[in-house]
Structures are given as structure tokens and as C-alpha cells.
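Read the structure below first, then the notes.
Order of writing sets the chain letters: A, B, C, D and E. Residues in each chain are counted from 1.
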């Protein structure tokens, strides 16, 4: 388990003044890549730029500009963007610190949104979280990702093809499309976890092992992590949907409401899964109890049948001089009759008790 | 268990622009049937139409028109209706995606309502959910069902016979009648589950088996599913009952309030059932413990009585040359007396301990 | 267990239009009795009437009239009252359907109040609930009971004797007095259940049996039922106490507040009892564990002492020709010394382990 | 356990009109004592009066008067005070009924406050609750206690000595001082219970017995009782602190806020203690399991070592005529070698399993 | 466990008038040290003063003054400060009583803030809490610590070096910086506890012992303590962030919001850790059950194999005169064949039961 997912590491930042640009998170060495998509209904311009300064001219254009920055560990780049786009120093600090809780902050002329992108590999148990930050202005959206990913590819595709409304709408709709792409990923995670629960349930009934317990525990922990990551998203989107910011136009709030419904649904599913996992733990524990019960029954049946008849055999193994039975002709066959009757009585008794 | 009931599947939709009409849910091949009932206090017109265009004239009439569409997997039909009745693309998407959470959306000139119709077969364990959507306009109600069902037959009957107020009222009352039919079904589900709990409780006291545990677990899961499906309905109806929409007339809010009370009652019952099922699990577990206790007692009694006397017999089975007791005349009868006394002492001890 | 207490049965009503007068509940065949008490400060008129029409003249009088109807299974009577007193059809339906959740509805010129009267017999385990409905108008209160009961006798007595304020006040105070009588019953139920818990706790410590478990479980279920029945009453009375209805005069709200405090107190006690019952279940379970532990100890002590010495006896029961010990003079006494030492060692060991 | 602490007894009051003055609570026979302290900044008058009428002149004085009444079982006295000070009949009823929930009622010209005074003796397990009521008027405070107690002695001392602000302030500050004295007692109770928990925790780790379980259970019950008694106090003081009553002057609200903080702190501590006690129960239960495990291990080790070697001895105790081993010279020593090897193998196996 | 951390000790204060300056907490004998930092953008003055009166001149200056007082057990000093800075007597009392709950009180011309500084040593199990109080005025901040600590060193460093904004801002920003230093410490505590949980989890799977249980229990208790200490901080900072006090300027509220986010994150992590610890307890308990199961299996296998064959050996150890088998030539080898077959059958049976 990587417990560090559950709390923000601050050790290396303690004592620095607020607004200090220090990257906090998994160490990265990849070079930062910056790509620009600039579009309106009629035109489309795509570019991968080498230096951050090349983005700056797009700030002034009336077209919608999406600046995507892969890599947040270079404080110089973040600093330049901050200065150019007039961002609050605390925001820059938050962008570089991957331990943020999802949140939205409204600065009037721009919105700052932090979300968590989640990913689960088929052959790994743990959900990985990557921090994605957005700066949403009137004519631009700047997105910051920890590493290059494929989550926004569909959005890029829609912009390129001009399908749907995206080319006709403003930066708020672009922000919606990007957030929607992230929230859709949550459903994929849920599907995968749901499938695991389903598999595990079959296991649980057929052959519960200590591994099953580990798996239940592991899934419970992932649920805790999921809830922790997604719960605040609900709040963020609720703020967007209520349309209190002038940056979010009325035509877009309807779409935001749609994402809001999705986050509610996701929280519902997480709660249902948690309840189910608790139920499965109960089943596991009582299956263990049942097994122990069965073991005890076998022991008791064997012991209860043989201990008395072994005693009888012991009696006639004694060496007393005066034991009349020893000399009788039919003692031995008689003894077998006694032994068999005792055994049958016991078996009958266990049958009645439903132990056999 | 079909875990897919608990989360919305999105895999086949990821990357599509919002408003894309893709059917998400159990695959259907039945052809879509469309039936129309058009009525006011004095007249009644019923028709099953072959093409969706045949419904369109009814949009303009001042009579109440109920268009019922069985089958939501045909995107073409949905799209045509959407265009004719001026519905938001996201609504059309939601109608076709059976993974919706029950909700109400007010677009001013029409309301969009999603509910879940629940069904439980007598010989199956799982509740089945079907999505039902309503578009409620000033003069019309459009209902969308996944497959043809019988839940609205009573409403049809009342319209035909003209009994009750339904023919005298507007489309909001029709919507009420349809929602009421769905909510009444929830009570039927609860009755069936309640009966199962009652049966199971008798089982639990008389002869708890591993199956009982499975049943308790299964019912708990159905309760989780029920709560997930019905909880948001409460909210939907609360919105209707508060009469904030101009489409819901004051005379109808009283009826909506009635349904609202019903959903509260249903939630109450679900909570009570959940509490009871938890209690039954406790009983099951302690019954298992009690049984193990009993098994242990039998083993202990048998072992404790026979082990000491077997030891005594063992002693006199030894072959030492100098064992004076072996030669005594009354050794053997004496030994029996000793054995019987030891046994009686043990039995007396167990009686006092309440083990016998 | 009668699970039907926990959910409203609707099977026989499905498909009927709202407002249909169908009795839902325990089948009743008793004839309906109607009694009238009409009073003001100076005069008092009491009557048992044969037909419902005889009540109607009292509607117009300025004196306070209390019409008590025992039996709600006669739809004709309910219908006539509804028409005369101008009651909403849904109210009439609710009066006849005993599955209502306690609630209050304010129609301006009258209030509709539903409550549950609870009863527990000394030799029965289950709380019985009877539905009581009130129609409170300016000059009259109509009460509907399922069967004739004695809960209102004290109120009748106070009206007859003229003690207290009741004769000086209006219909709202009468409604208060009737509700108060019902709420006071709840305290009596709590006292009885409290006494049972107290008895059971003694049992639990002295001699817990499977019956104790059944009793705890049964009481827990009754608590669930109580809470389900009383929780909404709190809300009803809170509405009355806030004095939003013009039918409740300010002098009476003070009294309503008093009942409100009582319902809060009842809910507090139910919660406390629930907590205690959970605690008792824990005690029960750990007592079972302790008992099993004790059984195991007895078995282990006996087995651990006798198995080794039986082995020693077994050794000298062997028939090898060359076993020098067999021929020694002091072998047999020596052997006893060995056996006794082993036994004492074991006993000492158990003492140190605190098993004896 | 005295379960009656948890619910209000009403049996002896049922059927009486509201406002009937009947003492409900532990039966008392002590005579009622009435003491008066009348003071302002300059003067102080203290008196123990024989009849209630002697208090009445103080009602009109502009000095602050504190009338303390020990004993609430004399309805005559309560009635006279009620008439003189113009108190609502329901208030008088509440004063005499010791089953009240802590509450505040604002009648404009006076406040009615009910609190619970708690007490725990060192050699007793149960917290005792006594009801204390206050009537706070412009110039007077009347306090009603069930029996004479020492809780207000410190307040008396401060009035007499003139230390602090008490002599300079009005009746609201006096009320504050009296409530503060009661709330301070709650901290003392918490300290005592905390000490018991601490003691018990040591016990739990060293030598858990059935008594430990009883103690945990008992403390849990006391926590339930504490919470039930103190939770509503929070609400009462919150009402005072918000300064909505004109009787509470602004200078005093600051002090009320102080008590409010204290009640929050008390509730916090109760919750922490409850959590700890739950944790201790878990420890207790797993300690029991561990002990059983240990018992089982001893049994298994002994049985597993001796059962096989006893079998070997049994084989050579057989009396077959043709058993070659019996005649061999080195059979017997060989046999011992076999027995010792088996034993050592077993011991080695248990060591590897960590059972020894 | 030091239970006193969980509740406020009042014993030595009972009966004193409110506002009495009595030190409540761990007894201290160190002398109180007072240090002053006075600065604005251009100048910086640092001083350690001998008497409290030396701070007083700084009250009037327009520069920001930070007076740090280490040691709160000297009532004389506290009293003098209170008089000079015009603080409410209850505030002075609270400063000296280390049992405060974190809170904020707004007196218009100054704010009073109480927080808990937490510390955990690597070789100790318990979190230590120290109370820190702040008085925030227009031009000054007074901080009160129980003992000299290093938590504010970074802030001092930033003031001295003039890095960041601190020298350009007013006293509210200084307060922010000090609170931030305390809240950052909470993250450090969480990191340490998180590491312990991670270590323990490995332990739990490899070799759970009674110590593991103790550790889980200990961590749970620390979580209870953490939550109790930090939960109210959230509220305090929420009050600051909302900017209702005129002492907190708008430029600072943004920074306060940042701390607010941190406290939310801390609460989230605590909840996640609590959930995880509960899960670990479940794992521990079921591991114990599994172990017992394994012990039982070994016992049962040994007993079930040897008890029957020992019985067979016992039979032929009997001394009857007429036992034909005893004289047969091949009896003994036959017997071994029987014994081996029985043993193999048993082993086969256990294999099929998955016990081997």
C-alpha cells in the first residue's frame, strides 16, 4: 500500500513562505511539453511549442485557446505563465503541489480548478491519481498535467473534426469537455472495480482463502481512496453548475449540471460498493466459522465413537488373575456385539443432531 | 449477482460529444411501438401508430395527448421526437442511456422526469430495473419505456372508462397518474421482500444453514439496490409537489404530495428492513457460535469421562511382575466400582455446570 | 413476527383511481359506532347516534363538537362525512387506509392529522399499532379509530367534569388533549419495554440462553418499529406548535410545545434503548465466547494430564520379552511416583496459566 | 441498572389535565426549605424563611433576589409561587416532574430553564441525576432543587464575599453563575469516568476478566446517559448566548458563550470516550480469542505428541502369538529410540509453526 | 494512555469566579521569556525583554509588533498584559487554562484565537498537545506558548530575511503565517502516523501478534485525539477566511482560505486513516480465526488417524482365552495392512476436504 496517496507530503516545504514554487509529488525528469490548440467556428490552429513564451500571443486573441502543459515540475515555466496570465502566487504553488484536494477558486477574471485524474491498470491493484489543474479565462483554458496522458485525446479529436458543438462554443464549454473527460474516467474505474467485486463474490462462495480477505480489504481501501478523491469534485462542479461565475455562460451550465449528475451517480455507486464489501467481509468471517465448525464435528464424531470402545478394549487388556469374563467361551464375540452397538448408537445420535 | 445494476456503463460512449444518441443498456432488438391516447372530458381517441411522424399533429391540439413509446434503442425515432418537441440534446441522450439516476429537469415549457420501474419475479432473487422517462408538456405527456410492460394498463383503463378525475384534468394529472403507477409498484416489491424476510426468520430460528446466510446477504444487496433506486425519487417528487413549475397546477400538487408521502414511507420501510437484516445476521452468527459450543461440549463430556477411566484400565494392563493388586480376589469388581464412581462424579460435575 | 407492520400493503388497491374509498388493514366486521360530545363552558351534550347524518347539524353550531367514529371500514359513512364536511377525496382515502405514516395536512379551513396509537399487552411481545385520524375544524374535531378503545376516556372524563381548561377552550385545545392522550401512551410503552430490558439484563449476566438472544433481537425489532411510528409524529407536532395554521390559537401552541418536548424525549429514550440493546448483544456474544473458552479449558486440562500418563501405562503393557523394568521389584511403586509427579507438574502449570 | 433514568415515568399522571401539579420522581419526605439571598453592590440580605409567602415582598425590590427552594414535592408551595410570580401552569407542572429534558422556555417577562445536576459517588457505578429548574426574571432568580445540595455553595460564597463581578451584575449574571456551577460538575464527572477508563485499560491488557467486560458495558451505559443528559443543555445555553431574550444583557452573553464552549468540550470528550470504549471492547474480544487459541495450542501439542506414541505402545501390547519383534533382544531400546524421534520431530514441527 | 488529554481538568478551579487567573495544565517552573519583533517594510527591531512592561511602548507604534510569550503559568504577567491591551478577563482565564478547545473570539478591536500545537516524538506513541493562543490587534500579534518551541522559527527567519511578502503586510498576515506554521505541523504528524500504519500493515500480513493489536488500538486512539484537536480548527479558520472581522484585510483572506483547504485535507486524511485502521482490525481478527482453524485441523487430523488404529491395537491387547485371531499365523501382518489402509483412507479424505 502506498499510504502517501492519502495525505499530502509537506516535509520538504515546511518553513518556506507561501507562494514558493516547489514541486511536491512523484519526482519527474521528463522535459515539459507545451501544446496549443487555438480555434473558433471557422478556423483551427494546432502547435507544439518549444518555449512557454510562444503561448503568450494567444492570450490576446478572441479565438478560444487551449494551452496544455504536460509536466508541472519546472518552476520556471509555471512562474512565467503565472506572470503573463496574472495568476495569484498561491495558485501557482497549488499547481506544482500534487497533494491538492479537488477545489475551485473564482478570481473573477479566471477560475482555478484542481481535479484528480484516476487510472487503474489491469494487472495492478492500486488506483493511481494524477493531478490536473485548469485555469479558465474568457478566451483561454490552460491545463496542467503531471505527465502526458491520453485522457484529452477525444476532446482534441472533437475539436479537430468540428463534430458536436465544441467549435461553436467558448472556453467555458472547452473546460466542460475536459472535466467531462476526467469524470468519464471515474466511471471506467468503477466498472473495473465492480467487475473485481463480482469475480470475488464467486470466489467467496466457492473457496474463500486468506487471499480473498486480502482482496476485500484491498478493494475497501481503494473505495476509501476513490471517495476521498471524488467527493470534493461534486462540490467543485456544483459551484460551476450554479453559474455564479460570469465566465460560465448559461448555455454551458446545462452541461455542467450533466456532469454534476454523473458525480452524484458515482458517489452513489461507491457507497453501494462499500456496503457490498462490508457484506462480503461478514460472509467471509461466517464462512470461516462454519469451516471451523465442520472440523470440530469430524473430530468430535471420531473421538466420541472410538474413545468409549477403546476403553472397553482396555478393560479386557488388564491382567487381573480373577476376571471371570476372560475365560468365558463367547466373551470375545459378545464384546464385538457390544462395540458395534455402541458405535451404531453414536451414529444414530449424530444423525439426529444433524452432524452427519 | 449482476453488479452492472449498480453502476452506469459508459465504456462504449467515451469520447463521444455530449448529446450523442447512443443506446446504453441491455441490447434490444424488438421493434419500437408507439401508441397514442388523446382525450379530454368529452372525447377519447386511441391509436397505435406505425411511424413517429403520426404523433406530431397531436402536439398542437388542446386535448391531452399521451404518447407512449416502447423501446428506446432506436436513435432515429428519439431524434425526430426531440426535434419536433424541441427537446435539449442532453435530454435525448439521457432518454437512451438506461444508466440514469432518477431526476427531474425543468426546462420551462416542458419537464423531463426519469424514474426506475422495478420488478421482481417470484422465482428469481434479483430486482430488475427498467428506465422510464417522461416529457411533460402543457398538453402532452410522452413516456419512454425500455420494453412493453403492463404497469400503465390501469391508467389506460381509467382513461377509457372515464372513472375518477383523470379525464377532467390536464397533462400534469396524467403525469401524476403514471408516476403513481410506478411508485405503487415499489410497494409491491417491498411486500415481496418483506414476505421473504418473514420466511427467512422462521428458517433462521429452526435450522440455519449456509443458504440462510446467502439469503440474508442477497436481501441486503437488494435493499442497497432498492435504496439506490428509490432515494432520488423522493427528491424528484418533492420538486413536483412544491409546485415550482408552472406546468404543475395547484390542484395536482395535492396529489403529488400524496406520492411524496408514499416515497417517504417506502424509504422508512427499506431502512427498517435493513436494520432487521443486520439483526438477523447477528442472530445467524451467534447461532453458529452456539452450535460450535454444543459440539465442543459433547466432545469434552465424552473425553473427560473416558480418558481417566481408560488410564485406569491401562494401569492394570501393565506387565510388571510385582503388582500386588493383580492377584487380589476382589480387585476386578473394585475396579468397576472405581470406574463407575469416577463416571458419576463427572456427570454430576457437568450437570452442575449446566452442560447436560 | 408480523412483517406487515413495517410496510403498507397496497396489493388490493393497485389500479384504482386516487381517492377510491377502500379499507386497507386488518379486516373488521364490527359495526361502526358514532358518538358525539358537544360542549362549551356552560353546556354539555352527549349522544351516541345511529346514523352518520345525525352528526351533521352539529357542524353549524358555535359550540365545540367532538365526533368520534369507531370503525373506518365502512366506506359509505366516510364518504358521507367527507361530503358534508367538504373533505378532499385523498383525505378520505387516507382515513380508510391504515398504512399511513403519521402526518399533518393543512387545508386552510381544516387540518388532517394521522397518528398511530400503540399498545402492548403484557403477555405478548409485539407492539400493536392502530391508526387514529383527526379532522380539526373551527368548531369541531372528528376522530376516526379502527376499533373502540379506552385511550380517550380520560379526555371524555375531563369534558364531563369540567375540570381543567378544556371546557373553556376551542376545538384546537380538544385536538391537543386527544393527541396528548396518544403521546402519553407512548411513554407507557417505553416504560414496559424499559422494564423488559432491565429484566433481561439480569438474565444476561446470570444465565444467558438462546432465548435471551431471541429476546434482545425481538426488543431491537420493536425499537425499530417504535422509531418508525413515532419519528414522524415529532414533525407533525412541530408543525402544530409553530402555530402556522390559523386554526391553532396562540394559547394552545404552548400546550403543543409541551407535547413536542414529550416526543423529543421519547425519541431520546428510544435511541438510548437501542444503544443499550446493542451493548447487550455484545455482552451476549462475548459471554458465549467465554463459555466456549471454559469448555475448552476443561477438555484441555483433562486431556493434558491423562494422555501422557496413559502413554506411560501403555509402555509397560507391552509384551516384549526383554524389558528389564518389568522384573524389578520397585518398578510398580516407582511408576506411581512418576505418574503423580507428572500430574502435579501439569496442575502447577495450569495454575500458573490461571486456568484453574 | 436503574433503567428508569432513561425514560420519563408517566403512569401516575395519565388522564390528568395538563397543568396538574403532581410530583413525579423519587419519593421524597423531607420538608421543603426555602432560602433567600437579596443583594446589590452595596447591601446583602440572607434569610431562611419558614413559609413561602415570606419571599413575596422581594419580588418588587430593585435588588437582585435569589430564592432557592430545596424540595419540589410540595405542590402547595409550587402553586403559591406560580400564582405570585405569574408562571404558566405547564411550567409549574414541569418543575414538579423530574423527568424533564433540559430545555429553555422564554415567556418574555421570565425565562424557564431546566437542567440536570449530575453526581457520581466514588463507590458507586451509576451517575445520579437531579433536576434543577430556574425561573429567571428581571430582578430575581428562583431555583428549584430536588434535595439540598452543595453545588451552589461556591456561588453563595462569592455573593457573600463580594469577590468577582457577581454583586455588581443583575439577575442574568446570577443565573449564569448557577448554570456554570452545574456545568462545572459535568467536568468533574468526566474526570472521574476518564480515570476509570484509564484504570480499566491497564486491567484490559494485564488480566481481562468477565468483570472487565461488565465494567466496559457499564461505562458505555453511563456515557449514553451522560450524552442524553448533556446534549440538550448545549441547545439551552446556545439560546441564552445568542442573547435573544431581553432578560440576558449583552455583558452577560460573553459569559454564556463561555459556558457554551464548555458544553461543546464536554460533548467532544463524551464522544472520544465512547470511541475509546468501543475500541476497548474490540480489544477485550480479541484477547478472549487469543486465549482460546492458546488453550487450543496446548491441547493440540500434547495430543499430537502422545497420541502417535501411545499407538506404538498399543501395538506391542497385543497378544498375537506370532509377533517376531516381541522376541528380539533390542526391540525395547529401539522402540524408545523411535518414540523419542517422533516426539522430537513433532516438537521441531511446532517450533517452525511458531506454536512453542 | 494519558486520558487527561481528552478532557479538561477543572477540579482545582471549581468555585472560583469567572475570570480568575489560575494556570491549569502540566505544572511548569521555567521562567517566562518574552521576545519582541517589531518590523515594517524598511526596518526590523528584535529584542528579548526582561519585564513585561518593556513590551508596552510597542502597542502604540504603527509598525507590526509580534510579542511572543513562552510560558503561561505566571498569572501576574498575563494580568499586566490583559490590562495594558484591554483584554476581557475571560480571555485571560482561557489563555492560562490549557484545556481550551480551539476557538476564535472576535472582540472588534482584537481577535482571540486558541489552537493546539501537536508534536509526536519518534520513540514515543502519544501525540503531545501544547496550547497556543494569539491576540491579533491592528498593529500587533501576541502569541502565548506553554514552553519555548521551534515551530515559529521559520516565520522569524522569513521576517529577518525579508523574503516573501511578510514584511510588506500587516499583523493579520503575521497571524496567518503563525497559524500556517502550526497547521503545517499537523501534516507532519499525519505523515508520521501514515508511515506507522504502513509498517503495521506489513506486520499484520506476515506475523500478527498481540502487539499488533495494541498498535492498531493505539493508533485509533491517536486518531480520536487528532480529530478532537483539529476538527474545531477548521471552524476557527473558516471564520477568519470569511473575512467578517475588519482586522483581517481582503488580501489576507486568500491566504486564510489556503489554510482552510489544508485543514479540510487533514480531516479527510484522518477519516481515511480511521477507516483503514478499522479494516486492519477486521483483518487481525480474521487472521486469529484462521490460525485457530489451522490448529484445530492439525489436532483433528492427528486424532482422527490415530484414535481408530489405537482402538484396533487395543482389541488385540485383550486377554480373552478364546480369541481365534491371536493364534493365526498371518494375523499380525494382516493387522498392519488394515492399519495402513485405514490411515491412507483418512489421508485421502482429508485431502479431498482440502485440509492437507
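Criterion: a contact is a pair of C-beta atoms (placed from the backbone, for glycine too) under 8 Å apart; a residue touches a chain by one contact, two chains touch by 3 or more.
All values reported here derive from a predicted model rather than from experimental measurement.
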{"item": "Both-way neighbours, i.e. chains that touch chain C and touch chain B", "value": "none"}
{"item": "For chain E, the least number of touch steps when starting out from chain C", "value": "2"}
{"item": "Rotation angle superposing chain B onto its copy chain D by C-alpha atoms, nearest 5 degrees", "value": "145"}
{"item": "Interface sides of chain A and chain E: same vs different residues, half threshold", "value": "different"}
{"item": "Rounded Å distance between chain D and chain E, as computed from the means of their C-alpha atoms", "value": "26"}
{"item": "Whole-Å gap separating chain B and chain E, where each centre is the average of the chain's CA atoms", "value": "42"}
{"item": "Residue list for chain C, restricted to those that touch at least two other chains", "value": "285, 289, 292, 296, 299, 303, 307, 310, 314, 317-319, 323"}
{"item": "Touch-based graph of the chains, sorted into line, ring, star, complete or other", "value": "ring"}
{"item": "Residue numbers on chain C that touch chain D, as the complex places them", "value": "153-154, 157-158, 163-166, 177, 180, 184, 187-188, 190-191, 194-195, 197-198, 201, 205, 254-255, 257-258, 261-262, 264-265, 268-269, 271-273, 275-276, 279, 282-283, 285-287, 289-290, 292-293, 296-297, 299-300, 303-304, 307-308, 310-311, 314-315, 317-323, 354-355"}
{"item": "For the chain B and chain A complex, residues of the former touching the latter", "value": "1, 3-4, 6-11, 13-20, 88, 90, 99-101, 103, 105, 207, 210, 213-214, 217, 220-221, 224-225, 228, 281, 284-285, 288-289, 291-292, 295-296, 298-299, 302-303, 306-307, 309-310, 313-314, 316-319, 323, 325-332, 335"}
